[in-house]
Amino acid sequence: MSSDISGYIKNKIHYLNVRIYYEDTDFTSVVYHANYLKFSERGRSDFLRLVGINHSELITQEDAGFFVVLNMYSEFLQSSKIDDILSVKSSFTSLSGARLNMRQDILKDNKVIFKAITEFAFLKKNGKPRKVPDNIINKIEPYLF
Amino acid sequence: MSSDISGYIKNKIHYLNVRIYYEDTDFTSVVYHANYLKFSERGRSDFLRLVGINHSELITQEDAGFFVVLNMYSEFLQSSKIDDILSVKSSFTSLSGARLNMRQDILKDNKVIFKAITEFAFLKKNGKPRKVPDNIINKIEPYLF
Amino acid sequence: MSSDISGYIKNKIHYLNVRIYYEDTDFTSVVYHANYLKFSERGRSDFLRLVGINHSELITQEDAGFFVVLNMYSEFLQSSKIDDILSVKSSFTSLSGARLNMRQDILKDNKVIFKAITEFAFLKKNGKPRKVPDNIINKIEPYLF
Amino acid sequence: MSSDISGYIKNKIHYLNVRIYYEDTDFTSVVYHANYLKFSERGRSDFLRLVGINHSELITQEDAGFFVVLNMYSEFLQSSKIDDILSVKSSFTSLSGARLNMRQDILKDNKVIFKAITEFAFLKKNGKPRKVPDNIINKIEPYLF
């Protein structure tokens, strides 16, 4: 099974494959619930990367800032196990002012096993919210649903 | 600052102190968002422990089972940093059939910085949901809000 | 940059690319030291996978067993950061009785930034060491240095 | 079982109790090996805290710096499980120039299950090694073995 390490975008949706390792599981023999948030964050980071927004650049440029999670609704529909390959699907659902909204689904064998609806704020380095800069808006907008 | 390692219960609410270490932070210098779910899980585990329900017993007894997270709504209100001590407040809000509901707040300096509303299902070892066993209901019920 | 999700083997050495995400960093802005052990474990798991040994099979087959880490010597030579892609190089250095030895290097931009020499024991499900089963020896032996 | 959240020092040795939660275990039903490095780091951080050295101060003061792990030899002697309480014992074995050395043991039921010998360097914010500042030497020296 081959895949680009940063995933790929198709019809405005970003796809990233994630392998389940020892570190992801717990003693109940399935993946620890909080780790689906990590997989979702990996998907988002790679989506942003592919549209031209790198974390390492965001914090070193003059206009430095971060997206932070404001709130999240998540459903844990089925479990996954060691050796599984999951597919993280990410899409931008809205962007306005200092707010970005995303929908993410994690699939195993083409069945959704986790989904999350997440709202982000863009913060300046000092922790204060600010309007998302235009150069970032311009990169995300073509992928908005 | 002294605290029992399993926290304590007061007015049906469980309190657990959690220290922020290197492992909990990320390069933006604050705690990584998914780690608040870990802290919440620690609080729940210790609440169950103090009312007499241990994970290690649950899985070895004949009637073996687990609580798993079904869905969660979470808000990330403020950040926290290395060396901080957070207080995880947990309460049971309802219990019926195979479902348990909890409300959790994480506080820093007496201000809520994270909150989560979580629904759990009780599963048999084979992954099928089942009615929460009576011996577990009896231990949780005195703490229901 | 394209890569098979399980890495690849060349001249008896296994190579796996690992991306650095938020979850891997800490407040000092570099990767948290213990996470290099996770990356090493991912490399080992995928090396075993490519030679035909899956964790999920190991524990369900009659002869069920695990490799566990007995001891490890590790050097942390340089740091790495968010967005970096690291290359995990793994090789088997010896295999006899219940013991397996490995050498692993993690590289960034073709420079070794972490190395580990690790000894493993093969344990039965009850935690007792046992000779590595022949079907596993046969799969590893062609890759021994 | 009661314990100060930062542990305590007795005869130059620092002791910290650590509870095993879901997040610490893996599908083999025991604690994931890399997590013993996390527990060791928690012990070290609290030892430094109790002698008057806080991470949050280290990085904000003019003379800003960090201790980073240079190399580590670790032995994994026995496993531990969900609900266990482990005791992390930490001691400073030498301090000179830019180098600090520590010995750490993790115990379960008074038996050593993990040990690590670790060498640290003191780095300036720019990543260059520097002599450990006098105010830090003065705080550690009384606890040297």
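All chains are identified by letter, namely A, B, C and D, in their written order; residue positions are counted from 1 within each chain.
Here, a contact is a pair of C-beta atoms (placed from the backbone, for glycine too) under 8 Å apart; a residue touches a chain by one contact, two chains touch by 3 or more.
Every value quoted in this text rests on a predicted model; they were computed, and no experiment measured them.
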Result of counting contacting C-beta pairs for A-D and C-D, higher pair: C-D
From chain C, the most remote chain by mean C-alpha position: B
Mean-CA-position distance for chain D and chain B (Å): 27
Separation of mean Cα positions, chain D and chain C [Å, integer]: 25
Where chain A and chain D are represented by their mean Cα positions, the distance between them in whole Å: 33
Residue list for chain C, restricted to those that touch at least two other chains: 22-23, 27-28, 34, 38, 41, 55, 81-82
Chain C to chain D touching residues, read off their complex: 27-28, 33-35, 37-38, 41, 55, 59, 66, 68-76, 79, 127
Chain A contact footprint on chain D (complex, rising order): 22-23, 25-30, 32, 34, 81-82
Residues of chain C touching chain A in the complex: 1-6, 17, 19, 21-23, 38, 41-42, 45-46, 49, 54-56, 81-83, 85
